[in-house]
Every structure is written in C-alpha cells, then in structure tokens.
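The next part holds the structures, each set out as structure tokens.
Shared between the two complexes below is chain A, which pairs with chain B and chain C, respectively.
So, the complex of A and B:
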C-alpha cells in the first residue's frame, strides 16, 4: 500500500496548499468566534464572512488545473472537486449578500447565522473532496446540522419551526439510513475508502451480495434524500417554502452540488453500476423524479415551492448521466455533471436574487421593525417586466435556462445529458426526459407570461435599489447569456485530468 | 459575413426601436420599416453580386464555435433558401405595415420581438451546422411566443403555451436525432461533426436512418403542421395579433417545409422513400380534414388557419412523391400559400380593426360600404381556392400532376380538397361581404391599399409567369 504510506506522511506544504480553501474557511470560523467575543456587529461579521469566502475562492481558483492529490486517506482533491467548490463558494457569497439584506430587518445581531453559513460551506468543501465514507459522513452531517439551524432561523415566521423540525427529523433519519448502509457495505468489503477494490466474489455469494446491495440501497437513499430525488422528496416543497429565502437558495445550490458531486465520486470509484440492481434502482429514481417533479410543479402558485419541485425534476435529469456512466468517458461524464450543475446554480442564483429583491421591496415598515414578506406568490411577479426590466430579464433568462431553451446554459447542459444518453442508447430515459421537459414548459412559461402581464398594483415602484444589487443583476444577465452562447468558457475549466 | 451582419443588424435595430420608443413615441415602426427595407436591399445586392451560382449550397462562413462538441458557426445559401428569405423580407415589411395602427401598447418591445423573430427565421434558412440550425429554430420561437402572449387576443396565454410546448417537445426529438447522427459520424470517421455537408457525405445504413429521419420528421410535421399534430395552429393563429398570424402562416410554417426538404428528404433519401406512404397518407388526411374543418368555422381567422393545414398538406404530399414536377409544385405552393394566407390574415386584421370581432356572424354586406376591400377579399379567397391565374393554382396543379404520376390514388383524394377549398373560400367571402349589410365600415386606407395590392400583384405575377420560380432547380 504505497499510497497509504505516502498519505500518512505529515501535513507537508503541498498537501496544505491543496486543501487551502477548506482550511481558510475552517480558520475563518475560529476567527469569527473570536470576533464575536470582541465586537458584536452585524456589519463587521458579514464583511468578515464575505472576506473569508473571497479569499477561499481566490485560493481555490489556482486548484482548478491541479492533478489529483490525496490528502490522507480521507480527502482527495482534483480539478473537479475544485470546480465544484468554486460553485459552492460563489453561491455562498450571493446568499451572504441576500442574507445580509434579510437580517438587517432585525434588531438582534445574528452572528450565529454567519457562523452556520460558514460551517455549511466547510461541510460542502469536505463533501466534494471526500474520498472515504468517514469524511463523506462528516461532511454530510456538518452540512445537515448547519442547514437545520438555518432553516428554522426565522423564528417569527409561520412556517419556520414546522419546516425546521421537518428537515431535522427527516435529515436525521436519512443520515442514519446512510450510516447503516455504510456499515453494511463495510461489513462486506472491509474497507471504507472509495479507492478500495470491491472483490468480484461478493457478487457470487448469495448472502454477501444481499448485504452489499442492501447497503448500497440504504446509502443511496440517504443521498437521494438530500438531493430530493423522488420518492424521497416529500420534505422539499415545505422546507423550501418555510425557510428564509437565502437559506432556500443554499439548499437549492450548495447542498445539491456537494451531494451530487460526492454521489458521482462514489459511484465512479466503486463501480456500483456493475450491479444490475443498482442501475435499475437509479433508473427508477430518475424516471420517478423527472415525472413527479414536473407534474407536481404544474399547479403551484408559490414560487419557492415551484422551484422546489423543479429541483426534483432537475436532479432526475442529472441522474441520467450517472446511470449511463461508463469507464471510458469519465472526463466527459464529469464535464456533463459539472456543466449542468453550474447551469443549475446560475439559474437558481438568478431567480432567488430577484425573489429576495421583491421580498425586501414588498416588506412594510411596522413601527420600528420591518415586516418581512414571507410568502412569495407567482402573482407578485406580475408586470415586473414593465417596472424593473433588468430584474425581469434575469428571471426570464433563468427560467429559460431551467427549461433548457437555447441561448442559455441550461440548454447546453441538456445537450450534454442528451449526448451522454444517446451514446449509451438509453432511449427510454431520453423519452422520459423529453416528456418531463414538455410538462416542465407548462409551468415555466406561465412565470414568464406573468412577468409580461399588465401591471395592476402600483405599490411596488422601482425605488432606489442598492448599487450592489444592480451590479449583481447585470453581471448575472451577462454571465447567463455569455456562457449560454459560448459554453467553452466554462468547459475549458473542467479539464480532464489523468486518473 | 453579410448574412451574419444582417441578422445582427436586425437584432440591434430591434433593441434600438425598443429603447427609442420610450423617448419618441411612434418612431419604432418607422425604424423597423426603414431597417427592413434597407437590409432587404443589402441582401438582394449581396445575392446578385455573388459570383458563384447558387445551384448548390454555397458555404459562406465556417468558423469554430463550441470546440467541446466540434460545433461550427456555419451558414450557407442556395436557391431554396434565397427564395424563402425573399418571401420572409416581403412578409416582414407587410407585418410592420399591418401592425401600424393595431399595436399601440408597448410598441417598442413589440418591434423588437418582430425583428428578432425575423432574424431567427433567416438564421433557420441559412444555418448548415445542425446545432446552429437547432439554435435558430428555437430562438425564433421565443419572440414569436412573446408576440402571441403579450399582444394576442383573449385566450393568448393558452395559445402561446400550446404553440410553444408542441414545437419544443417535437424539436427535442429532432435534437436527439441530431446528436445521434453526430455521434454516428464520430463512430464512422473518428470525428464528431454536426455539419450538414459532412452528414451528406456520410453513408448511413437504412436500419439507423429510418429512426433518425423520424426524429426530424416529427419536428417538421408539427411545424408544417400535419394531422395529427396540427392542433396548436388554429389556436395560435386565432389568438395572435395580425402580424403574428401573417408571420406564422407566411413564413414559420414554411420553415417546417424547408426542414422537410433539406433535412429529411435530402439527408435521408432512402428512409424517406420508405416512409413516403405514411407521410403521403398523413398529407392527404391533412388536405381533406383541413378543408372540411375550414368550412365549419365561424371565426374568420380560424377558418384561414384550417385552410393553411389543408394547403400545407399539398406541400407535404408533393414532397413525398419524389418527382421533380411535384417538387417544383411544392415550392410554388409554399410561396403562394405564404402570400395568400398572409393576405387573408391581413384582411382579417383590417376587419377586426373596424368591427372588433372575428366572428363571421357579425359580418355581412361589407361590400356596400367597402367595395375596394371586398374586391381584394374576393381575389384573395380566389387565390386560396386555386383560381387559375393566381399563384396557388400553379402550385397545386404542379403538385397534383407530379403526384398523379407516382401515387394516383393519393392525387385523386387530394383533389377533393380543392372542392373543399372552393366551399370555404366562398363561405368566407359570402358571409363577410355579401348579404344584408349589418354595419357600415370604412374602406381601405392608403396603407392598407398598399398592403393588399402588393400581395395581390405578387400572387398575380407568379400565377401568370411561374417561370420566375420554375427556372430554378432548387438542388434537384
């Protein structure tokens, strides 16, 4: 075991430089605790968190072209994980900006919110680099626990406690399932590392095989819960609706990206797909998600619930890539997954940014306190195009991207998935995808139509909006269009590296 | 380069119209009109001054676009696309003229959408990289859907949604076929390619092409539209504003026919030949069914919409006859139907502007107050049912003659559609312009006179001197 011997060497400079972004976040958390003791100020802690994440992002950029490097047995950093972590950091930064706007409405100082946010990012950072079931579980729990705190954060809100509990209980159940699954897998293979070779004999021994498959089933159901893949999706709409908007954004982006990346890592490394039953299981999950997500979204009037259901469908689309994965075109698979995830993240960031802007605009001042607008209905978007065209344009682009129409990144992402499925001759999955996106249009387009409807409420005037918001909106419009027309700009970052 | 410039200029002019309308009311339509006229001139000069003949596809630009998939930005022209683009220019100008008074609200954004649709349509006719073709195919849909959804009539959202879902779902099948062909090219030659000319050189087995062809065929059959996937068309046409209907019927349906010619028949000749009986059956059903449905309608625009289904059935029937006479007939029918349906929809728009109804029962006896309008309506209805001397007659005659040589039974049944078209043509004219006068309306204004007479003139010229189009070989 040469690699083990090497990785057991003490932390040298090379290894530190490889996990520098994660270390920066971890160090930032410790410093933030000290900062809280020194001065409690909303502004300071927000600025500090932002600075930490920016530094981590800068440190992460240099890792985009790195060779795969193992950091102890637990972590392995490669260009894919670095790319995924950049996505996580970018979403965290946008969410931070939104959170700050949202938390300003309160008199309390919310240091713990920012701490939880950083812990969440750290959890995602561990997840995307994990190479071992132990680190996977560590990251998974870090992510879940901080999310539970964040989901229930807005105590005064109607649904906050309900959704917090719902998430806590289901998330705990999911992680215990996953833990049991990992234990089953370990009991058969005797190794928890992703790199471990699963001996083929397992498959021929009836009792071992049953155990092993059971383990995989439990493990995958744990991950599927996080990804809100049908039939583990029941929490999604409620929690999406009840959580504060910035937290919903975190759930829709960071949690999804990190969990999907680790799923692909695991499936790739362990060759689970060699087992027919696993492939069948994933296929059922994918088909169910594509259909359920899209059908359930059809009559939604609440925007956040709608996005929740659409996320179920999107994870179903993306699962196709995992199902048709083959050993030869691994880098292409990674490229597809990461491109689709970045398209999905950009679209979600865009929509949530506008949602947060509308929410903060619609909130009314009651005495000293700002009454925060909680429910965001489809009708709140009515006539937005004629009032604030830039925001409406961003929503249009994002919705088209989610629907997979050309000019947007979402289309290229769909092109990747269809290419993969076509190469693998997975015709039934393709047919489901086509039907699913057809149904999807029936709820995506009405969003756009609502934007164009005649304005009937004049209460929301385009009053002065912060410069930073304008900057973000315009830059996301440009990013969305540019990357949709010239996807090579992103693809070149997702370079293949020799395994 | 010139074509790319034209498309970008259209988009740019649209954006300019959008912003300038906010500042100077009423300038967007002038801007759109002037830009369209200018660019049409540029296009004409470019085609005339081009030194190579356009008998075969002339690739004008070919640069790398998305390297990951070896996708190129590649555009080309041949006689077929030139003829269709010319039709597009003509109808685009007509569209601006018919919207002149109809569109009052948000005019700037309206003209942006109109110009963007036209840019997309031109893109569809010139793209030869299949990814690029698909790109334009979808991009032209977006502004068109916006036109229906924002400026349409009472059930506009439903109609726009239906239109979009039908086209989008069917085109996803085409996308799968495109990807599959691209990867088959990779399998055979070792290089991924989405270029049309590369695909033409590819030798594909029939067992594969029959499925690939089907993928393309579904997308184009929806656009054409052919029974049984036609149901979006009556809704979309009825609910769209006048210019939207003109553009839909005049040019957008032709992109389906264009696709059938270029990407189904030329790319997969054997598979198409094998598929011909089914396609011809669908076409004949469309002809008879469209005509039958047309004369049962009470809505002026819905009637014309169903007649479009009938006419486009002739195009599909003629194309799948694999006969050069029928092929010529199909192309003339395409042009003729583009002009005549545009004319009828403009007429519907003019009537709607005066009486605010599309219902035939609200009309009647208009001849007494508006004789000039009546004359043109009679002429256009005549064109629609194939009156000799007008363009549609030539197209349908050639189609039927060509089809009769190959599939006589189909031709005989299709000819029944002509009787149907005479009935709905007369129903349309009689119930609107004859009978007791229900109300008085204003006769045509100068602008409307210009629209009607130019369309009529073109129908007459092609009808009397079809060699104008018959001289081209269209790549056969």
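So, the complex of A and C:
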C-alpha cells in the first residue's frame, strides 16, 4: 500500500516536481519550527509563512496544465487538483494577512497559530491530490485537527471554548463515521485505491452489498459533515460565530474547497452513482441543504452566522453537479465545480476582508490590549458606503455574486450548474435551486440596503488603513468585476484533462 | 483453528461503534465524551484489522496505526480544551456550552 522498495525507485525528479507545492509547505513547517527555536518574533514568522505560501503558489501555477501524474499509489496530481490547491493557497494568504492584523494586538507571540495555518494548508494539499483512502484520511485529519486548534485559539474570547469543543466533538464523530465507511468499503473490495474496480460479486451477495452500501453512506455522511450539508449542518452557525474571523474564513473556503474536490474525485473514480440508493441519498442531501440553508438564514442578524447558513445553501447547489455527473462530460463537470468554487471563494474572501476591517476598527483599547469586537451584527455595516466606499463596493459585489445576480461570478457558476442539471433532466433539483436562490435574495439584498443607510454616529473613519489592505480590497473588486464579465479567464485556467 | 468470518467481525465493530456513538450523544461529562470517541475510533480499528486479515494484506493494520495516531492527536487537543473548560466554568458539564444564540 504505502511506498515500497519498488515505488521508491520511481520517486524521481519528475514526481517530486509534481508535488513540489505540497513539499514546499511541508518543508516550510519544519523550517518554521526551527525559526521559532531561533527567534520568536511575530513579524518574522508571519513574513516567513507568507513567503512559503507564495513560493508554493508560484510552484503550483506551473502545474495548472499538467497531465494526470500518479505519485505512488497515494496521490495523483492533475490540473484540477492544482487549480483547487491554488484556490486554497490564495485564501490562506488572505487569511494570513487578516490573522496578522488580529494577532498584532496581543503581546504574546503566536507562533503556533502560523504553524497550524500551514498544517491546515498541507492537509488541504494532500486532500485535493489524494487518490487513495489512506491519503484522504491523512489529509482530512491534518485539516480538521489543525482547524480545531485554530477555532479555539483566542483564549480571551468568550466563545472560544464552546466553539472549539463543539467543533472537536462533531468533527471527531464525523471522521469516525467516515473511517467506518472506509473500513466497510475496504472489507468488501479489498482495495483502498480510488482507481480500484469494485468486484462484481458484490451485487449478488446480499450481506456484502449491505456492508458496501452502508460503507458508502457512512463515508459520504462524514464528508457531508465537513461540507456542512443539511442534516449534518448544526455545528456550522455556532462554530462560524465563535471562531476568530480569519479562522472562519479558512473554514468557509479552504476546508470546503478541499472536501468538495475530494468528494468529486472519489465519486467519479469509484462510480458510486451506479447505485440508486447513493444517488437518492445525495439528492435528499442537496435538496435539504438548499432549503434549510436559505430558510434558516432569513432571520439572522449576526453576519457570521448568516454567512454560515449561506454556505450550507451553496454546498447544496454545488452537490447538484455531483448528482447529475456522467462519464461523458467529465471535464465539463470539473469545470463547473471549480468555477463555482472559485466564485464562492472570491465572494467569501471579499466579505470576510471587510468584516475583519470593521472588526479591527471597532476594537477598543483597554490598557495595553486591543479588545476586539466579537459580535459582528448586520447593523455594523450600516452606512458603510458613506464612510469607506471601496469596502462597501466590495461587499456589494460579493453579496451579488453569492446571490447569483447576472454579471457576477456567482451567476456564471449557477449557470454552469443549471445547464448541467438540464442536460440530465433533473427537474426537481432545478426547481429547488430556483426556489432556494429566490429565498436567498431575501437575506442578501438587506445586506446591501444596510450599506446605504444613513448613520449619525461617525465613530468609524477611513483613516490609517494599511496600504496592503487597500491593495487587497481594490484587487478583489477588480477580480470580482473582471471575472463576472469575462468568465472565460477562469475557464481557461481550468484545463481539461485528456483522459 | 477455525477462522472467524469477516461478517462477524464487521458486526462486532458496528456494535462497538454504536456503543461509542451512544456514549457521545448521551453523556454529559466532556471527559466521557472524549472516551466514547476513542471507543468509536477503536471500533473502526477492529473493522480494519478484520478486513486486512480477511484479504491477507497489511493495509488494514497500517490503517489501524494511522487511526491510533489520529486518536492520540485528537485526545491531545481535546484534553487541552478540557482543561480550559475546567478553568473557566469549574465544571465539565457539556450543557454549560450553550452561550451562543443566533
């Protein structure tokens, strides 16, 4: 299973160059540990982490056009996984910038935070390239355990213990469900690689079939927990609210992207959709999360909880692509998944960037320590347009994109999904998607209205914003606009794999 | 010596898993919840070892070692949170953790 003498011989330069981004991150983690031993400084380690991620991103760009290459049995790098890893790295970089702003307020040196962040990225990198249940498991756990550490990181926050514990218990439960599923699948098929063919005798032997289908069900429910798909979504709003804003961003982007990519990989490679029960299960999950996410978001006043519920709905929309996928249009499926994910990631990054800016503005000085505003309500956005127009513009773009209004990325993403569903004649899913998006407008549009409301209090000024923040805000405005009007730019990057 | 059929091993591990899951859901003390999580993970380990021996492969045992590592890491994080909870609330009752309301 793991590297044997035979496969070690094939670990040559070509293979190393294929997993170079992941290796850079892994090496960076080891170096960061040494760096901590040498000099403990917040600034140094933040800069170092940023540099490692940038180098990994550069190394990753060259992989965007790569042919599918197997790295031992465990990993398989292709252009889709490279694209997904670029998304992961970009969101990690943005989150790193935000985290640095947050952590600067403390006197303590937070080395562990940056280490956990890099471990999280490494986990995501393993997940998106994994081609074997063992590597999937390793990536999954690397991602979730470091995320637990990050969620409960801020000791002085009121909610850190609560959200950390909730996330730990539920994510551990989910991973044991997933593991039991893998164990059942393995016990029936005798092979844990995604490429393995499922033997035919399963269909004829009653008890084998029972365990196989139960295994798939458990496996999918474990992944669905991480994606916060409807019946497994209860943790989402609480953990989103309790975690520090940069960490919530990581949860909303990196963990979702990596999990979804691996789900699609696994379902495509193993042909789970041949089983009617699996298809039915996925359909119920998708419909439930589209409706639940949108309806529950309606009454939310807390901005982070609102984003949490909207992420439930978005994962529901995206699940449609998996349900209707067929062997012939595989590259189209991947294109829609990756495009939708990038639209989702860009929108989330934009909103969270503004949220972090508001939070740091509203912080109050208590002695030496900056006290960060923990709760971020919808009303905190009131009148933002009149104070900091660039930030407000960014929020408007992101919200419109999430709602799927034309000329934004979100619209193109939804268009991809709809056209796929139409080809497959999945009318019920289309109806639910349309209803869900309709309900969605009812909570997305009030956000925009709030931005324009007049506010008398002028405690917040657009003063002394760091240059890098301005740069990020403007570049995300440009990215949002550009990719909404010319979606081909992204599609060109998602090169289809010749199979 | 008669070999144990794979089916029985899987049923055993499902039962253990169910016991662990009930523990996670029903217990109020966070320490016991963490212990029940361990039971669940070890139930999975039983299934992997049984399947590995049925297929005459080392894969099952390798997975079990990975699971042990995971369990250790998870408990490390869990106990750290547990200590903080004890300091903050002077209790390990999970019902205290419901301050967030949306």
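Basically, the second predicted complex is superposed on the first by the 489 of 499 C-alpha atoms of A that agree within 3 Å, B and C clash if a C-alpha of one lies under 4 Å from a C-alpha of the other, contacts with A are read in each partner's own complex, and residues count from 1 in each chain.
Everything that follows uses one rule, which is that a contact is a pair of C-beta atoms (placed from the backbone, for glycine too) under 8 Å apart; a residue touches a chain by one contact, two chains touch by 3 or more.
Note that the coordinates shown come from a computational prediction; the quantities given were computed from them, not determined experimentally.
Which partner chains sit in contact with A:244 here, chain B, chain C, both or neither? Use first/second/both/neither.
neither
Per the contact definition in the header, classify A:430: touching chain B only (first), chain C only (second), both, or neither.
Touch status of A:430: first partner only.
Which chain, chain B or chain C, is in touch with more residues of chain A?
Tallying touched residues of chain A, the top partner is C.
According to the stated criteria, A:183 is in contact with first (chain B), second (chain C), both, or neither; which is it?
second
Quick one: classify A:316 as touching chain B (first), chain C (second), both or neither.
In the superposed model, A:316 contacts neither chain B nor chain C.
Once chain A of both complexes is superposed, is A:383 in touch with chain B (first), chain C (second), both, or neither?
neither
Scan A:410 for contacts with chain B and chain C and give back first, second, both or neither.
Touch status of A:410: no partner.
Touching A:446 in the superposition: chain B (first), chain C (second), both, neither?
A:446 sits against chain B, while chain C stays out of touch.
In the overlaid three-chain picture, which partner chain does A:134 touch, first (chain B) or second (chain C), both, or neither?
Once the two structures are laid over each other on A, A:134 reaches chain C alone.
Looking at the complex, which residues from chain B come into contact with chain A?
65-69, 106, 134-135, 138-139, 142, 145-146, 149-150, 157, 160-161, 164-165, 168-169, 172-173, 175-176, 179-180, 183
Give the list of chain C residues in touch with chain A in this complex.
Its residues touching chain A are 6-7, 9-10, 13-14, 17, 20-21, 24, 30, 33, 37, 40-41, 43-44, 47-48, 50-51, 54-55, 57-60, 62-63, 66-67, 70, 73-74, 77-78, 81, 84-85, 88-89, 94, 97-100, 102.
How about chain A: which of its residues touch chain C in the complex?
Per the touch definition, chain A meets chain C at residues 1-2, 134, 137-138, 141, 145, 148-149, 152, 155, 158-159, 161-166, 168-169, 172-173, 175-176, 179-180, 182-184, 186-187, 190, 192, 207, 211, 237-238, 241-242, 300, 302, 305.
Which residues, counting only chain A, touch chain B once they are in their complex?
335, 386, 400, 405-407, 411-412, 415, 418-419, 422-423, 430, 433-435, 437-438, 441-442, 445-446, 448-449, 452, 486-488, 491
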